[in-house]
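What follows is chain A paired twice: with chain B in the first complex and chain C in the second.
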Partner chain A sequence: MGRFFVRRLAFALLLVVAVSSSALLLTRLAPGDMTSELGLRARPEEVARTRARFDLDRSPAAQLGGWALRAARFDFGESFLYSRPVGGLIRRAAGNTAVLALAALAIATLAGIPLGIITGSRRGALAGAIRTASLVCLSIPPLLTSLLLLFIASRTGWLPTGGMTSVDAVDAGWLAWMLDVARHLPLPALALALPLAATFERLQAQAMTETIHQPFVVAALARGVRGRQLLIDHAWRASLRSMCAIYGLAIGALLSGSFVVEYVTAWPGLGRLMYEALRARDVYLVAGCAAMGGVFLAFGSVVSDLLLFAADPRVREGQTA
Partner chain B sequence: MNVRLFGVLITAGILAAGFVFWRSTTTPDDAAPAITVSDVPSRGGQIVTSGRAGPRTFNRLIGQEQFSQVLSMLTQGRLVRVNYQTFEVEPWLAEKWDVSADGLTYTFHLRPGVTWSDGVPFTSEDVLFSVQAIFDAKSESFIADTLKVEGKPIAASARDAATVVITFPEPSGPGLRLLDSLWIVPKHKLEGALKAGTFARAWGTDTPPSDIVGMGPFVLREYVPNQRLIFDRNPRYWRKAADGTSLPYLDRIVYEIIPDQDAELLRLQSGDLDLTQSELRPDDYVPARRAEDKGTLKVAEVGLSPQADSFWFNLKPEAWKGDPRFAFVRRPEFRQAISYAVDREKFAENVFLGAAVPIWGPITPGNTLWFWPDVPRYFHDVNKAKALLKGLGLEDRNGDGVVEDAQGHEARFTVITQRGIGWFERGLAELRTQLAQVGIALEAAPLENATMNQRMVKSDYEAMYTRFGSTDVDPASQLDMWLSNGDAHFWHFGDTSPEPWEARIDALMKEQMATLDQGRRKAIFNDVQRIFAENLPVIYFATPRMYYAYNARVQGVKPSVLRPVALWNADMLSVRQSGTR
Partner chain C sequence: MKTAGRVLLMAIVLVAAAAPWLAPNSPDRQFDGYLFAPPTRVHVAGAGGGAYFYPMRIVSRLERRFEEMRDRPVALAWFDGRLLSSADEQAPLLLLGADSYGRDIFSRLLYGSRASLGLAVLATLAAMLFGAAIGGVAGFAGGTIDEALSRFSDFVLVLPAIYVVLALRAVMPLVLPPGRVFALLVGIFALVGWPIVARGVRGIVASEREREYVTAGRALGAGPLRLLGVHLLPATRGYLSTQATLLLPSFILAEATLSYVGLGFPDTVPTWGTMLHDASNVALVADAPWMLAPAAAIFLVVLAVNLLVQGSGRSPVQLEP
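Take a look at the complex of A and B:
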């Protein structure tokens, strides 16, 4: 068990290093750099100073090496766009994305898995309607979902039309601030959760369909186990294996931030920060965002392993052996 | 559970939700209480405005991103300012001035009783310090170039605490207009940074807002990166309304950072936003008008834009690396043929949905001070275009629809434009269609902004279609574009051997820059426009009519064709107190 997790942690570290280094190198090697943000009228000496300040006058390898050494001391450099240390910007954005991701995950889980159990174990109009709705949710691009939800919010006034907090919450206390965030959360969370819920539903349905035809379920049925007990205690638990693998990855992907949803709904998260950094070729901010995304992906992978460990006795036995 | 019953319940729920949605979108006006509103501006209230991005610095002498202009107009002051509606220079922190007989020396009398937002009195020392900071080598201020005449900096001295003398090294046609960009920064706050050589990093975005002081109508209260900035009323602001009311009227301005323009429009329509920083896009005009019919928005016709989309070929010979097509690209007749080939009325109709007028040069009718209506024009004439091309030896010899020279080199070009901007992509598609009629083939290459800019600066392109912004209408603000050795001479960067017509423009521009008589300046600049239109290094087709939408509850909005469209006049904005949003 211990060695297993040491291996996983080593892999996670490797993932973070690989992702952030690749991001830095690719941003550096892509055409254009941050000095184009200075405008046409920027003087050559100003361009040169900016390039020197952000190590663009060094070779990509030397820049990567210097950045890696500093990053090992948790100094991720400075952002060109914000003229602030990258670390602070990422911490704030990652926290915002985490709030959004957890809300989306909760919605997707609470909607997708029960619906998957229904469609995987039943036939009829209801199951058909759920399947159709899932396919629709999977087919609509997140950009369109976000704009559609934003449109509904703007026309009805039911929800705030974007942002994370409203101006009125600025002077309010913590409780009012949290309530205000909770009011802003449903729109982007739904935009993220709908396709994910549909994915969970489809996967859960497939797993359930396969499981309920397994001999141990038939045997339980022969023993007189019926209804919800058969469905939940026997079939669903056994079907969880395939869900666990995808669940961890979904956590990682959600926590890494969705730039489309965050961009359209003006949610100040990691995805939006990464997008803006990429647009401006803000090389250290890109690398920092990628590193944080890598951390989250690795975290998701570990969660996935843990869930599999808990859900599948064969994994535990395998580890023990 | 009966499946049918469940289905019926779900359907009923969907129908009920749809009905509530329909009611909420169709009846708000009926449900709203009758209100009486007054057009007399009153103190108090707040507005919420928005923009694509936030600040990179709070130091106006350093920051040159678009937000810096908004920030300084809200929080800082200058001796004089250019009025964004009349384009005339008007007194600001200097209440009056005297000019010497030779026009080189201006003596400014500072407005008495003005203080910084922290209560420290404003004196001539602050003006001298600002000029010193701008020209300090370590401060890296981009404003330094603006405040030079013939490459020499202006000089500032003080007679006393309330009198500043500014001397121009050479006669300057734009004169006082140059001082529109001389933002005054507080000596008592920034002197230490200048002495320490760290002025360029002073007032970064992590500076506590309470340390940022100014003489503008508002003071920065809070900045949350990627979310918003909050500006509170500056109680020490010097300006008063005509009736004696202390300005600004508003208690607060909130600036939300909304990266997506579609989302911004939805928020404006819903009433969550009061103002934006940009005009309506052509596609947004109809929904904004609908919202105006409902009484939630006001849509103002601002006028014709002083900026226009530019189409040009790379005229830097080295960039073509011996490509035989440059032999005809460099000929004015080739560019004139393009100008004749384009039906500008149709272009305006298809690209700007009719809300645009044809133009033939970079100075549009939107620039009321400098537009010259007699600029040479190329009215749509396909036969003339074909004749000009034939005169250059360009004919469709193989019947494939594209003209080629005698050696078979086709007039086929890749045109770079900015990705994601609707009217650029539509404009290029329209040009491609229209130029195909005379046998010129264009292939569109939309690129994202950073890549496009880099390709332009490195002269790594064949042709380009984009638009450049400007903060003033005076040709002096575009000098680096007009002069062949200018940093923004974008069709031929690093032009060391200008063509005779370019050399003539150089001479005329320098002459008008040194001419104090404004009528004479105009006549000289008309000549520049004539030469430019005859040689067409850049071709212009249409300039859009600008429409600006804002919340109907906001009063005092005087939208400008320059940006920021509405916040240039922030101290005069107010909200209807008795109304509802």
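Take a look at the complex of A and C:
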């Protein structure tokens, strides 16, 4: 079991290193660089100075090596776009994305799993209605949900349309700031959560239908276990194994979806930062964003392993899953 | 359910194919004085018997307010080179209103389906071809080749696809002719999509390889290429058609996302993505909801595919954008 986790951690580390260095190399080797952002009339010495500042005058290998050595000491270089250390920018953006993703994950879990248990174990009008709603939600990916919710919000005025804070909330103190963020959060979180909730519902329903016909459930029924206890303690617990694997994938979906949602609703997260960095060829900011994305992915896979560990005694006892 | 999905998909393909005949106007024609014009209301029974409508006249440019000219009804012309068009050149029939350049949204939607669907279909074919070839080689060869190819495709699979697409597109020159953009996007989507196909094909080929008919083929003198192409790859047909239903909607969305953030087709080319890009101004869309028509089109395609998937007993999932 210990070896299992050491291997997973090694994989996670490798992922972060591989993702960030390939992002850096891709940005570096592609035609053009950030100096085109200086404008056509930039003086040659200014262009040369900028290139030197971001190590573009060194060979790609030397640049990568130097960056990796500094990154190992948590110095991720400087951003061209913001003229600030990349580390701070990334931390902020990653925090914002994490808030958004966790809120969406919570909504999706709280809605998707119980509904999936219902549709997976029952027949009738209610289950049919949920199934239809879920199929519809599944067909509205985050790009469309965010546009749609934004449209509804701007028509009704129920929720602020985009951004994470209002202009005046920045100086109004800690509590007011929190409340302001809480007002801005529901729209992007819901946009991200709806398709995910539908996915959870469908997969939970499938897992539930599969387990409910297994002999041990029939045996429990024969022993006199009834109703909710049979459904939750016996069938649902056994179906959890396949759901845990989904959570590892969900992190990838949340990251992908959060890019679109952040872009549409102007949420200042990692996806937006990555987009800006890519467009400006901001080498170190791209590499930093990619590294942070890799950390998120690795975190997701570790969490998914831990969940599996908690849900399935067979994994705990060292048998292969 | 399966039939419903199939019928819907067929209808969409037919509409895309017949776009020049179905569209009332040219997709590029800009109607002066019709910027953000609302959808034309068609009155079915006129005094002369045929259908007619009242042309719009702009009342206030600032408020974008329009008024129907009740005193001069315009008849609709059937089968006049197109299925349905306005009898008066100067009074356009705008079934879904006009966009920010005064272009007919309905006609652009029809023409846009050609680019959006064509791109997605070509990219799906390319990804499957690529994935089947690599997966087939990996499963057939085994050993080190298998190990290396599988590790690499696993690595690409972990990454959130939209970021890879974004990174690959962003490092290419921003302004390209539409034809080049089309080819570039097909290439990028295929690059991102192949690993998921390759992994499944590899598994099937690796297990089929041990079957007697392959040994028999080998005994009869079939070379590795013939064994792979004629005997093994056909076994993956069912799996490939499953994958196509996963890839197709995600590629349609990827195009929409890229064009929405300004990294896809230029604005002059009608695709569902560029049309959504035109609708990205929240304040404008609140008063002109018909600009979200492409979102409805994307929804219909994804729904059709999901109905197909659900109808064949699998769970549709939305784990990528």
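By definition in this document, the second predicted complex is superposed on the first by the 309 of 321 C-alpha atoms of A that agree within 3 Å, B and C clash if a C-alpha of one lies under 4 Å from a C-alpha of the other, contacts with A are read in each partner's own complex, and residues count from 1 in each chain.
Keep in mind that, in the parts below, a residue touches a chain if its C-beta (ideal position, glycine included) is under 8 Å from a C-beta of that chain, and two chains touch if they have at least 3 such contacts.
Because the structure is a prediction, the values reported are computed rather than measured.
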item	value
Chain B versus chain C as contact partner of A:G32, first or second or both or neither	both
Contacts of A:D57 with chain B and chain C, given as first, second, both or neither	neither
Partner chain in contact with A:F151 - chain B first, chain C second, else both or neither	both
Chain B versus chain C as contact partner of A:D233, first or second or both or neither	neither
First (chain B), second (chain C), both or neither touched by A:S256	second
Which superposed partner A:V136 touches (first chain B, second chain C, both, neither)	second
Touched partner set for A:V19, first chain B, second chain C, both or neither	second
Which of chain B and chain C A:T161 touches, first, second, both or neither	both
Shared chain A surface residues [contacts with chain B and with chain C]	30-32, 147, 150-151, 154-155, 161-162, 263-264, 279, 281
Interfacial residue positions of chain C with respect to chain A in the complex	155, 158-163, 166-168, 170-173, 253, 256-257, 260-261, 263, 276, 279-280, 282-283, 285-286, 289, 292, 295, 298-299, 302-303, 306-307, 310, 315-321
Chain C-facing residues of chain A, complex	15, 18-19, 23, 26-27, 30-32, 135-136, 138-144, 147-148, 150-151, 154-155, 161-162, 195-196, 198-199, 202-203, 205-206, 249-250, 252-253, 255-257, 259-260, 263-264, 271, 274-275, 278-279, 281, 286, 290, 293, 297, 301
Of chain B, residues touching chain A in the complex	3-4, 6-7, 10, 20-21, 24-25, 46, 48, 53-54, 56-57, 64-65, 140, 142, 145, 201, 204-206, 222, 224-228, 230, 254, 256-260, 262-263, 266-267, 269-270, 272, 448-457, 468, 480, 487-488, 490
Residues of chain A touching chain B in the complex	30-34, 36-43, 46, 49, 80-84, 89, 92-93, 124-126, 129, 147, 150-158, 160-165, 167, 170, 263-266, 268, 272-273, 276, 279-281
